[in-house]
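In what follows, a single structure is set out as structure tokens and then discussed.
Per-chain numbering from 1; labels A, B, C and D assigned in written order.
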Amino acid sequence: MTDVSTTSAVTQKLRFYQKGTFTVGNRLVSERERSVQASIDRSNALTCGHRACQGCGEALGARYAIDAAMRATGGKLIAVNATGCLEVFTTPYPETSWQVAWVHSLFGNAAAVATGVAAAMRVKGRGDVRAIAQGGDGGTTDIGFGCLSGMFERNDDVLYICYDNEAYMNTGVQRSSATPPAARTATTPAIGSEPGNVFGTGKSVPKIAMAHGIPYVATASVADLHDLERKVTKAMGIRGARYIHVHVPCPLGWGSAAHDTIRLARLAVESGLFPVFEAEHGHLTASRKIRRKVPVTEYLQPQKRFAHLFSSEHGPQQVAKLQAVADRNIVEFHLLDQEGDV
Amino acid sequence: MDHPFAITLDTGTSLANHTGSWRTSRPVYVDRLPPCNHACPAGENIQAWLSHAEAGEYEAAWRVLTQDNPMPAVMGRVCYHPCETACNRAQIDEAVGINSVERFLGDEAIKQGWKFSPLETESGKRVLVVGAGPSGLSAAYHLRRLGHEVEIFEAGPLAGGMMRFGIPKYRLPRDVLDAEIARILDLGVTLNLNVKVVNILETMIMRGFHAAFLAVGAHIAKRAYIPAGEAAKILDAIAVLRSMEGEAKPLLGRRVVVYGGGNTALDVARTAKRLGATDAIIVYRRTRDRMPAHDFELEEALEEGVMMKWLSTIKRMDDGVITVEKMVLDATGFPQPTGEFETLEADSLVLALGQDVDLSLLNGVPELNIKDGVVQVGANLMTGYPGIFAGGDMVPAERTVTVAVGHGKKAARHIDAWLRGGAYEPAPRHEIAAFDQLNAWYYADAPKTVRPMLEMARRRATFEEVTQGLDETNALYEARRCLSCGNCFECDNCYGVCPDNAVIKLGPGNRFKFDYDFCKGCGVCAQECPCGAIMMVPEAI
Amino acid sequence: MFQVRIHGRGGQGVVTAAELLSVAAFLEGKHAQAFPSFGSERTGAPVVSFCRIDDKEIRLREPILEPDGLIIQDPTLFKGLDVFQGLKAEGYLLVNSNKSIEELHLADMAAKLPDGHVRVSPATELALKHIGRPLPNVALLGAFAALTGIVQLHSVIIAIRQAFSGKIGDANVAAATAAYDQCLRRSLSFGHVETD
Amino acid sequence: MAEGIAFCRPEVVCAYPITPQTHIVEALGEMVRTGELKHCEFINVESEFAALSVAIGASAAGARAYTATASQGLLFMAEAVYNASGLGLPIVMTLGNRAIGAPINIWNDHSDAMSMRDAGWMQLFAETNQEAVDLHIQAFRLAEELSMPVMVCVDGFILTHAVERIDIPDQADVDAFLPPYEPVQVLDPEQPISIGAMVGPEAFTEVRYLQNYKQNLALRLLPEFAAEFEARFGRDSGGLLRTYRADDADLLVVAMGSVNGTIKDTIDEMRADGVRVGLVTLVSFRPFPTQALREALVAAKHVVVIEKSFAIGMGGQLANNVDLALRNAAGAPQVHSVIAGLGGRPIIRPSLHKVLRRAVADPWEGMHFLDLNETIIAKELHHVRKVRRSGPTAENILRHLSVGMQQEAAK
């Protein structure tokens, strides 16, 4: 992969301004260069009063993504939501937190509903109105997978955003196909020598999306909000099927402190466990470099769902396996500068 | 809008749901004391003037700076910058080059001819300042700005004190010093040179001063008894350095030995080199790590070819030959003689063993408490005699220009209060912003800018300034390396990272406020605040 | 009401035959209904299709149990299946074959039916000749028109042209016409024989 | 039929193949390609679940949405079926009625329609292909008037694969009868709303009540639209129900879909023999026209309900609904339930004659299975009683059948 270029943080390192370079709105740069979220007149597509838990990563990621899309489309946006936390905590009758045209149909059909929305807009000559589908990892990688793949294969003009908190949190933390190996959930209790999802196999929907050859696939994290915005903006500039997979920590499901949401997301990226990259038409085109590499233990230790790794006799081998996963990612996605890409 | 019941809802209606009630602890914006400010002997508001500088507002920065210190160009050269030692940035990469930015601002001010703004009111009080050294000049400046009439009596031929007679040109060019002194005098401070105050009380009464600030410095070289033969050439450091300012340069010969371990010893040795000495050897009785001189100055000296003789004391000097005894450090780190001797060839020996204060002007002043050769003062720098204050090298303190300047400011404030029949109450200090309260992630990696140095050949041969200044570009870069420890710099992080949109942005310069109707108290804002300006406070139950 | 049942094998155009017949009837202002023996026919499997023709609306939806006309597209179906089931006493029987009624052991069957109600047509041969593929269905319709007169050849030809355009249309029309003529001639010759 | 649907100007058509509806959407797809059907998005989806989901999205975004399915396909989209009605989206769907497996069976009966009878959709049954066309036109009008989805049920093969004379309506007439879709709620960035809120105990009952209220409105609208339709197109199609020679009838048959034609012929034959028999053809199964049906039936002595589906362990759904219509009616007729035509078994006049005469002469309790092969049942039951591992019933029965046929052939 010679065309892999660095993105986001690492390129900003050389920018002239220094103070708070990675903050949301560095006062030393022009309004335009700052994050949408720095702007006093941001759309707040997902506004106050929602019922998400304290420190909810999904609520944060969703506001960033949809606000960025709102800016990119000049507010001409229709959002489709799969069943899940995001849907439940934003729209309990009689209140909704959405300030964007929004529809929820079912758990497994968000991609298809969005396809219908996009088709309706085309046929009505409102091609300027764009459709976004969003769901959690359950609604995306499991039950909604068929509709998602169909939408990809038809290259429908839909941006699908998956907020990945690595389990079914809405129903009380059951494992999904996006749950990392060794993580404890209600359905993968920390019992026996190999608790949690198995090592070796697994389901990378971003890679599966790439296999469809769709115009744009990206992963992002609430740890790098500039990057997330940039990718959503870029995606909205492209027609056809697009997929963005956003890593959003869940204090409840991960057994972490509410205030650690962004910190944990950051550690996931900096350890290499969550690779942040972009792909176009099936080819990896860019990866966000690790700034300060950390061992996976720094990411795992603050989370109760991994507590057994640090108490049980089998812990050390499993931690080593997780470290191996991170190291593989670093090589596969060129996450370190010395990975020899341009 | 009219639409189907319950399944379809009007946007934004959740604003009716005040989730603030979920909160068990609330975020609160705080201001913490930046370690640099805390460490500055001159009490400069460093972070404040840096924040102007990093926005390119240099004059504004300079004005904030000079509210506390009238001589940034001098400070930017001679200050040992404890601020940088304290700087939190040192724990990320390297300390912010505060001193170099200060020098840039000082030089810029001279270049642009910035003047202090004229003062509004005259108090009608007269204050006498004795000594035109850093402390005296600082006091004069501050007193004048407070509306008092100030006269300086200086015994020497020129103003500047140790800045002129103790610090060599290659560290502090005289045109810089003169410029900053002149700017102070322009405020309307009267300077009387070559006037030695012999009796302070008499002078005050006769000249009608309501108060006096004494800052005569320490100019009397300490002597050590060294048996010496005929024609043994023994001088003291202060005299050598002072004579550098006169017409006749001191004759030190080709082999010069300097006795002592302070900065003055280094200054003399480096001066000797520049005067053409082939060998300049410093003899010190302890080891390098115990040397009072600053290490970077020792480094520069060694670079310039100055030689060190550690763990040695000088026993005697005969014509051209010095006998030294080797020492060892005992358990307490105190040097003990070994009885081993050796000799050094030397044309001259310069003693740099520190200085004493000439306190003769205080004769006849009652209620004074003098201890260890210095005047004891209260927290308000007032001597035992009401109305007479003292500072700088003549009071118990570290003897640096910056400390002296600090004394000047502090004394001025207390004198002002005293003249108004009150007492000056310094504002309560905030808790210091410690590194672990910051979130360093958000600051880009930005190594310190290295100040260019004069090339070696010229350093050895001339008195040109050794350390060069920063240009506009890297001064700006350096200023922007500041982390703004403990004080919001409006990076919008809290505003951006709140999962509940519970932060209200008040617009440029007005920072933010929390919307406690919706804040659930998750604490992400506090965790992700780069500069530690948010504190989580438990809600009362 | 005139009811026709067509037996054949998947791929022989059994359903198309019934549809073409019904269209021909439409064209003559009659009510008609064509439908297959519902199922997922696979090539070669025995297949049945139905066609009802009437002057009034046809409401009946049951399969045709007592046909007035029976078209057998493939004589090999005689084995195993009772294709003649329910054929009315006054009914017609048309078989696709190059053999004679006797060779096909249909003499008894023919005897039960009125004179001239049983015919054999070399439809496959004609199809191969005109269309180039062994599709007897269209040719048989021509022959059936000649045999029964329930529809005119003319209507069959229009129906064919609606279904197949251009060359294929011409070829099918040719096949149907040929079968029609041949069937008429046969009836004459048979008529002669029977006078013996 | 596709042509008729095209006249309704659907804007989004979602297609997924399943016998016997496939050729309808195939034809629509072709019309979109050829430009015969303009301003229409034809979308090939990956499942029936997606088909209806795409229609849901399109409809919510203000487009006239159509899809078609059958049998297993309807079950596979079941979740979305309920969702479409719950969200009040006026989608029209053709259901090519087909049996539900196992055993897998592609032929006609009404089990699929019945499986979704309580899903909140309106369900209209076509007697002929002509009526199928006409019902689609009325279905779009009804769906969009009430903002509720409508299922048009068309008997698989019997109608879907039959070729018969149909009057194709004139586009101008259809346009006049069916105005452009004016949604009551729509996803619009200019006036954003949130559709599909989570509704708790405090309002769920009301939501359901209002859905039911809409279906009650349909009971009034269906006859109105049918009358308007007849006035414009000159054909009596749709409505709630139709009667045939019922006025003086002692015995009334109730049935839905294509079997009504065969029943009418049978009735004519019985009338010829002097039997006073008549027919009530139910067009609208949902909403169920309780009142109209009671009025139509109450005068008769016997009511025979003939239906192509039954709830295993309970009985014919239609028969039970008819019972409901007659509940507490003074001098209500006896109701006799006949289950017929399952999995495509032909319903033939001789069998109908028999069962109708028997209903009067020798009534039965519960269900009567038309043309049930008693011998096979007996054999299989005996077999099952004897052998623990008796094997799959369907296969056993087929074996019995083939044996039977060989014996026939041997004779």
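Here is the rule we go by: a residue touches a chain if its C-beta (ideal position, glycine included) is under 8 Å from a C-beta of that chain, and two chains touch if they have at least 3 such contacts.
Predicted model, so just to flag it, every value in this text is computed and none were measured.
*Asks:* If you tally the C-beta contacts, which comes out ahead, B-D or C-D?
*Replies:* C-D
*Asks:* How far is the middle of subunit B from the middle of subunit D, if each middle is the mean of its Cα atoms, in Å?
*Replies:* Subunit B and subunit D have C-alpha centres separated by 93 Å.
*Asks:* With chain centres defined as C-alpha means, what is the inter-centre distance between subunit C and subunit D in Å?
*Replies:* 35
*Asks:* Can you give the whole-Å distance between the Cα centres of subunit A and subunit D?
*Replies:* Roughly 45 Å separates the two chain centres.
*Asks:* With chain centres taken as the means of their Cα atoms, state the distance from subunit A to subunit C in Å.
*Replies:* Here the centre of subunit C sits 67 Å away from the centre of subunit A.
*Asks:* Residue numbers in subunit B touching 2 or more other chains?
*Replies:* Subunit B, residues with two or more chain partners: 6-7, 9-11.
*Asks:* Would you pick out the residues of subunit D that each touch at least 2 other chains?
*Replies:* Answer for subunit D, listing residues that touch two or more other chains: 87, 191-197, 199, 203.
*Asks:* Residues of subunit C touching 2+ other chains?
*Replies:* none
*Asks:* Which of line, ring, star, complete and other names the graph you get from chains that touch?
*Replies:* other
*Asks:* Give every touching pair of chains, nothing left out.
*Replies:* Every pair of chains meeting the touch criterion: A-B, A-D, B-D, C-D.
*Asks:* Can you tell me which positions in subunit D touch subunit A when the two form their complex?
*Replies:* 11-12, 14, 39-41, 43-47, 49-50, 53-63, 65, 79-80, 83, 87, 187-189, 191-200, 202-203
*Asks:* Over in the complex, which subunit B residues touch subunit D? Could you list them?
*Replies:* 1, 3-11
*Asks:* Contact residues on subunit D for subunit C in the complex?
*Replies:* 19-20, 106-108, 128, 155-158, 161-165, 258-262, 264-265, 344, 346-349, 409
*Asks:* Using the touch rule from the top, collect the residues of subunit B that touch subunit A in their complex.
*Replies:* Residues 6-7, 9-19, 22, 54-55, 441-446, 477, 480-484, 489-493, 495-502, 505, 507-508, 515, 517-518, 520-524, 526-528, 530-531, 536 of subunit B touch subunit A in their complex.
*Asks:* If you look only at subunit C, which of its residues touch subunit D in the complex?
*Replies:* Residues 18-19, 22-23, 26, 31-36, 38-40, 58-63, 65, 80.
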